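Both of the next two complexes hold chain A, though its partner changes from chain B to chain C.
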Partner chain A sequence: MTINQFNTQNLNVGQKLAIKYFSVAVVLFAAQILFGLIAGLQYLQPDLFYGVLDFNVNRTVHINAMIIWMLYGFIGASYWLLEDETGISIVGIKWGHFSFWLLTVAVIIVVLVYLFIQWGPGTDATIWFINEGREYIEAPRLADIGIVICMLIFFYNVAATVSKGKVTGITGVLTLDLVALAGLYLAGMFYTTNISLDQFWWWWVIHLWVEATWEVLVGCIMAWGLITTLGASRKIVTTWLYIEVALMFGAGILGLGHHYFWIGTPEYWFTVGGLFSALEPIPLVAMVVHAVYDSGKHGFKSNNHPAMAWLIAHAFGNFFGAGVWGFMHTLPQINLYTHGTQWTASHGHLAFFGAYATIIIAMFYFAVQKWRGGVTIRGDLVDSGWKWKWSLALLNIGVMGMTIALLISGYEQSQIERAIGGSTWLGYFQAQIHPWFVEGLVWRQIMGYITALGFILLVWDLLTIGKKEPLELESKVA
Partner chain B sequence: MNKNKIWWSSEQFWKKTAIWVTALMFVILIFLSFDTINKITVGSNRVPSYSVINKQISYKFDTKRNFQVPVISEQDSPLFGKKLTEEQAEKLVTHGKKIVQGRNCMNCHTLLGNGAYYAPDLTKAWLDKAWGDEKYREQLMINFLMEPEKNARTFGSGRKMPNLNISKQEAQAIIAFLKWMSSIDTNGFPYNFNAISQGEK
Partner chain C sequence: MLQPVELKDFFITFFASGIIIVSGALYALFYAFYHLKKIAVLNYLAYVSYFVLFISVLIITQTMHLDKIWTIVVIAMLVGYFLAPRGIWHLCVATHKEKGYEQK
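Right after this comes the complex of A and B.
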């Protein structure tokens, strides 16, 4: 029996770089889950690591690891498909490797500082070197500059390669989208005492990333995935991509207003934000229709079943996490009570996992397949593929379970704290000690362990899948 | 079927639509942002100047707007009994905000409803009834911030705020920031907030 080892000879220049990004992404994903579990446990046992590794530290690592592993996943995915799309080798690949190491060293330092220094005095030096104290973009200013440099190098590589090679609809959209994605980061890079203005710009980064530029980026990855795995028609897929861009930006840009209800900003945002954000689910429905239709039309015939399954999981996860869960609390009449409660956390988990974690996991499967020399990985593997099937199931059940548990706690909290208790110190804790709330958090923790189990299985599977399978060429008949 | 003749299935049509829709929405957003930034600069109606910490602030129901709004009284009620100039007030609030960032308060608490959900929202913390009486509020807040473990309430949850090594001076700056933040017009969020005795009686 043949053993297909991981061999970088099987990869093109961009893909060799991509697997580096993917590898670090998996490690950071592990860190995210570990620190999420600790933070979740502190809700149930507040004395755990009290005064040593406090909730805010764990939460910072949890959500920062997430943002960074997803960015690594996106950069890796772009490098992965660039050569296929443009037909030429990446232009500045040396710089690509350089910026990979720069970014990785920076990330390691930032995490160590979060964990061991944790805080600083109220000076500019703290903001520059320790912690900026703003959710998701806590990274100190110096690290921000490093991130911007790496993003610029990455952008140069994409833009230069695309402009020299063949410009396709996918790479055209991808290039323009990356300009916006990197540019938006700058909106989060200055200090202001005015907390209203602070939050105004902060949402430019967070919302216009996840509900505009990231959505379009994964739209590009999806389009490429449908063409390569299923042989879908490029013309149709590209047309769909343009429709999705029009709908996503058409609704998502002004949908930003759903974060401007309560931060000091004027009342017209009730109308603008409520209306446009309520339209945001439309492109997400279109994406599901598109993915499922294309897959069905091609009879789900693919030589990479796990990747295919995760792409479908992405389409549905995006629709439910962002579209349904987002829509449920997006109108100001509801958001007045759900704003800043476990409701928000429920949506945040399903949306980030469903929309982004899923599609990057699909990329991991594309990567290991080719890295092993183009093996066929279907449902009928030698070990019947139990690992990928179980990790797919456990991860999705786990996150969905956490989402529902948090939703129940969130309902209780918006009722008892926000509506009745008036969101005072006392009102807050009346909601937190209510049995319905506590039960929700217990179930979140249980479902968190299931998620973690699924993740461990995923890593094991990625390291072993396809090792003993026939190469694609030999099994073309099926 | 001739693909080229159906306009709504043409790649070119959707490409152009995507570009124009994006551009249009972006222009509208820029336009609204300019307007909004104007309306939320410090010293505007919605976001009062930092010297508001010299005044008494309360949170009252406005029948016209149908929700509670911050009300700033005419008479002085300077924070820590010291009336500050606009510059001094700005310096103090700025110091407070930077401490809030440096200590990473927002990964336990929410401010204006944004942040983490492990601890109470601080938007109107200055006006919280749990401080008992306006007379003791400043001292109680200083005590709490400096020694949150000794002054813990937790209301049966056992969830305490850790000691973050906050000095008296830093506590005062934080409280200035919290007092100023409570004066921002947040369109009635938090709803139904039962504020500390507001001297109306």
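Right after this comes the complex of A and C.
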């Protein structure tokens, strides 16, 4: 085992593959921020890159890069923990590598197509090769098929390894969740000429991926992280994983209804969506109890402070982004005015960052630690850990700042454009030039730069943390 | 039928909705700390937090016109946010009770 330098000999077979996924995830994370900054600037200077790199393209790349880098992060995290959990080498690892390259080539092609071929009439052929036209999952159908093949290979790797190795609660839940992950994506692939029907199925991918299957994946990663960093009891953590899955599915599946308010579905979705949306934050709130219980009953010590800090950021970010920001505008009586305004963007920024980006960043730190031979990354780092602390602070301040700035713009929009303007074009333009809206977007841009700065520091830290630590620190591993 | 929030009630609706979740979390936090530390003031703070939640729910009941079938949502919130932390506490105690579970 080699200490202090990146050496793949420090990693098992699955972890070597995971590093590839994490590396691409970081690149796509950079793309998300870059294209987000350009799209933000275009709000302030609408003629910027007009005809060269239009807003609709930037926005598409910004959002799709986010979805895909998080997907890479989750797949990488699953490969990372799989051999530790099952006790055997990953079955069909060659297929895993093939899948990685297939997905990566597909992503590169899709991004190039987004950037260079996004004009002209929409036809049956463009659905297959250019753009499927559904927000968040614009990838053309050919790429969709590639994504599903990759998800099925990923599922095969996990299921075959779990069936031959040790079955734990974490791997059991993970395997079942991957069935849903691959299966639900299919709902976004067929096309109907009825926009209500189309939207109905589209939300299955967006909501049920994000608020069900991804949450379960996060639950598995968190469970493994708690056992690994804090030495928490496997039995307790696994029991709580089951409880979490039950709570999440109990409220989350029919919480889907809050997306069915305004797409032409029957009126009963108002009540169903409203009721389950009101219940959705309860598990988040209730989990506060468990956090307090564990912090009071156990004297846990972590050997990876940045990872631990990002896990804590995950708990808070998930609570505020998904819970508070979600519930503020989820009931249909108010959602009528906020739906699709910058309110939604405000909620989206904090929820995606808090619930998902944070825990994947924590996984990056776990990976770096092991990749460097298992060095201890605690408070007594040679450089006192200023880079990870500042990147943590800047990323959180930046995203929180963007969230509040968008909230102000969205609040104005919901009043001027929706409530007063009655969702007319006149109302729309009046809202767009209102000082609250414009100033909100200026501050969103400033906070975007802070986020980008935090990201640069994060990458620098991931490449250097643990590099200069004295070897004797290894003996302090808890 | 759905009766949307009136313009004059926008801010109070957003604010009260956010407060429901925050006070729900504070109730859970103080409730858990009280059972952990047995300091009476924490118990009072827990119930004050729940009272804030209760008032906030009443406010959005008014502003969002949560009557008739929508009463279910009001009851679900009041009961759910009150009982969930208690249920989770009992689960915590139960899952940690068995011998050998305390640490790996």
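In this section, the second predicted complex is superposed on the first by the 450 of 478 C-alpha atoms of A that agree within 3 Å, B and C clash if a C-alpha of one lies under 4 Å from a C-alpha of the other, contacts with A are read in each partner's own complex, and residues count from 1 in each chain.
Note that in this section contacts are C-beta pairs under 8 Å (C-beta built on N, C-alpha and C of every residue); 3 or more make two chains touch, one makes a residue touch a chain.
Nothing here was measured: the structure is a model prediction, and the numbers come from that model.
*Asks:* Could you say whether A:P266 touches chain B, chain C, both of them, or neither, answering first, second, both or neither?
*Replies:* first
*Asks:* Between chain B and chain C, whom does A:G348 touch in the aligned arrangement: first, second, both, or neither?
*Replies:* neither
*Asks:* Scan A:K235 for contacts with chain B and chain C and give back first, second, both or neither.
*Replies:* Once the two structures are laid over each other on A, A:K235 reaches both partners.
*Asks:* Taking the superposition on A as described, I'd like to know which of chain B and chain C A:L336 touches: first, second, both or neither.
*Replies:* both
*Asks:* Is A:T193 in contact with chain B, with chain C, with both, or with neither (first, second, both, neither)?
*Replies:* A:T193 sits against chain B, while chain C stays out of touch.
*Asks:* After the superposition on A, what does A:G76 contact: first (chain B), second (chain C), both or neither?
*Replies:* Neither chain B nor chain C is touched by A:G76.
*Asks:* With the two complexes superposed on chain A, say which partner A:I243 touches: chain B (first), chain C (second), both, or neither.
*Replies:* Touch status of A:I243: both partners.
*Asks:* For A:I420, is the partner it touches chain B (first), chain C (second), both, or none of the two (neither)?
*Replies:* The answer is both, since A:I420 touches chain B and chain C.
*Asks:* Please indicate which partner A:I227 is in contact with in the superposed arrangement: first for chain B, second for chain C, both, or neither.
*Replies:* second
*Asks:* Which touches a greater number of chain A residues, chain B or chain C?
*Replies:* Counting residues of chain A touched by each partner, the higher count goes to B.
*Asks:* Counting contacts the way the document defines them, which residues of chain A are shared by the two interfaces, the one with chain B and the one with chain C?
*Replies:* 235, 239, 243, 267, 270, 336-337, 419-420
*Asks:* Using the touch rule from the top, collect the residues of chain A that touch chain C in their complex.
*Replies:* 227, 231-236, 239-240, 243, 267, 270-271, 274-275, 278-279, 281-290, 292-294, 296-298, 319, 323-325, 327-334, 336-337, 411, 414-415, 419-420
*Asks:* Inside the complex, what are the residues of chain B that reach chain A?
*Replies:* Listed in rising order, the residues of chain B that touch chain A are 9-11, 14-15, 17-18, 21-22, 25-26, 28-29, 32-33, 35-37, 39-42, 46-47, 50, 90, 93-108, 110-121, 124-125, 128-130, 153-160, 162-164, 170, 173, 181, 184-194.
*Asks:* Under the definition above, what is the set of chain C residues touching chain A in their complex?
*Replies:* Contacts found on chain C: 2-5, 7, 10-11, 13-14, 17-18, 20-22, 24-25, 27-29, 31-33, 36-37, 60, 64-66, 69-70, 72-73, 76-77, 80-81, 84-85, 87-89, 91-93, 95-96, 98, 101-104.
*Asks:* In the complex of these two chains, what residues of chain A are touching chain B?
*Replies:* On the chain A side, the touching residues are 42-43, 46-47, 50-51, 54-57, 59-60, 118-124, 126-127, 130-135, 138, 169, 191, 193-197, 199-200, 202, 235, 238-239, 242-243, 245-246, 249-250, 253-254, 256, 259-270, 272, 336-337, 339-342, 344-345, 418-426, 428-430, 432-433.
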